[in-house]
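We just call them A, B, C and D in the order they show up, numbering each chain from 1.
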Amino acid sequence: MVRVEFLGPIQKEPLELEINNLNELSAVLKEDKEVSEWLESCAVAVNDALVTSLEAPLKDGDKISLLPPVCGG
Amino acid sequence: MVRVEFLGPIQKEPLELEINNLNELSAVLKEDKEVSEWLESCAVAVNDALVTSLEAPLKDGDKISLLPPVCGG
Amino acid sequence: MLQLYDGALDVPTLLKEWHEEEASSNYGAYIPFVGTVRSEDGIDGLSFDIYEPILNSWFASWQKKAEEQGAIIKMAHSRGDVMLHESSYIAAVFSPKRRVALEFIDSFVEDFKASAPIWKYDLKEGKRVYAKERSTAIKGSGLLA
Amino acid sequence: MLQLYDGALDVPTLLKEWHEEEASSNYGAYIPFVGTVRSEDGIDGLSFDIYEPILNSWFASWQKKAEEQGAIIKMAHSRGDVMLHESSYIAAVFSPKRRVALEFIDSFVEDFKASAPIWKYDLKEGKRVYAKERSTAIKGSGLLA
């Protein structure tokens, strides 16, 4: 089971999912109307480290975060 | 009569000279052992405006300043 | 050093404290950057969300870069609401050398704008509206699309 | 605004006063540059001579450049002796825009170093020694050589 959190302006409660990698997460979120429009502009972190590949395996207890476009300052 | 002032580290009292342009000043200062070594590295101002030509005429009462290398801050 | 505050920053106090902290560290240059909420588009202020775990690791990577150049960085940012003419952001670099300090504050502030996990909202007529048009997708975004 | 002081600058007070002066001017970015005397080569401090008439006109030309970009600049500098870890120089830019402010403080400080009619001396064993090696000939120098 992994936990998926949506940060900043994405108004969505966290999900708990049984998935093995980010490819599977992509498939799930593309079907989710609240989130699908955000995917193009979101960065992804696994356990608070930004990732650049869909292939890294996920393990039980991992935390995945979706980060929409930022504007600090 | 013009007045020539030596700024910053040039340890020299002002001069009062009867000259008509900066070419004449150059000739005078090249003969002055206290100043001649500074000429290569000095900028020149007439009445507190930096000048880039020797030709501009000088008039009675003008103030000429020699500015050696700077280091503010 | 990274400091987060609820609401507006106390600019004079932070600038003073940071200056005092490094008063005998033998740095020749201290350059703070202070960001203040401007009145435009009829906003009453701005509001900020911060995701601290990733902000902390982003900041730590810049601290390391600074250290490699003999410099240090400090940063403060607001959480929640910051009204017009109040300040929400201060970044500062201390360095032995002027050129290092001038270049570092520039690249640090620009990467902050592009990468720090902070989200900005306009406060307008009692609502909190995501500043989508002024926001920047983090490098590598779109992985799941 | 250009302010000259005998001896070291009161950094926190100046940074605070300048911030307050522009608190409601609607500038989004405030970047001060603070220059502090470093301990090196066994000096006890630095000492400065300033030629004010030309410093004033140099500063006025930069104020005009700032104005053309919707920005303003402020500067303070010491006359006479400034000891180790004391500050002798503060320059600051206020601008509506971050990029303008970051680029302006850089070019202003660099031109200050190259052009402002200020002479620096090391204070060493009770003597005042012209910092010749660290000084820069003003553009156009050598006219009389």
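Rule of thumb we're sticking to: contacts are C-beta pairs under 8 Å (C-beta built on N, C-alpha and C of every residue); 3 or more make two chains touch, one makes a residue touch a chain.
Since the structure is predicted, the reported quantities are computational estimates derived from the model, not experimental observations.
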Exercise for the section: Please state, in steps, how far chain C lies from chain B along the shortest route of touching chains. Expected result: 2
Exercise for the section: With chain centres taken as the means of their Cα atoms, state the distance from chain A to chain D in Å. Expected result: 49
Handout entry: Averaged-CA centre spacing for the pair chain B and chain A, given as whole angstrom
Key = 71
Completion exercise
Distance between the CA centroids of chain B and chain D (whole Å) is 25
Handout entry: In chain A, residues with contacts to at least two other chains
Key = 73
Handout entry: Numbers and ranges of chain C residues touching at least 2 other chains
Key = 35, 98, 109, 113
Exercise for the section: If two chains touch, include that pair; go through all of them. Expected result: A-C, B-D, C-D
Handout entry: Interfacial residue positions of chain A with respect to chain C in the complex
Key = 7-9, 22, 25-26, 29-30, 39-45, 48-54, 65-73
Completion exercise
Contacts from chain C onto chain D in the complex sit at residues 11-12, 15-16, 19-20, 23-24, 26-39, 85, 96, 98, 101-102, 105-106, 109-110, 113
Fill in the blank from the handout: Per the touch rule above, chain C residues touching chain A in the complex are 35, 48-51, 53-54, 57, 77, 88-89, 109, 112-121, 130-132, 134-145
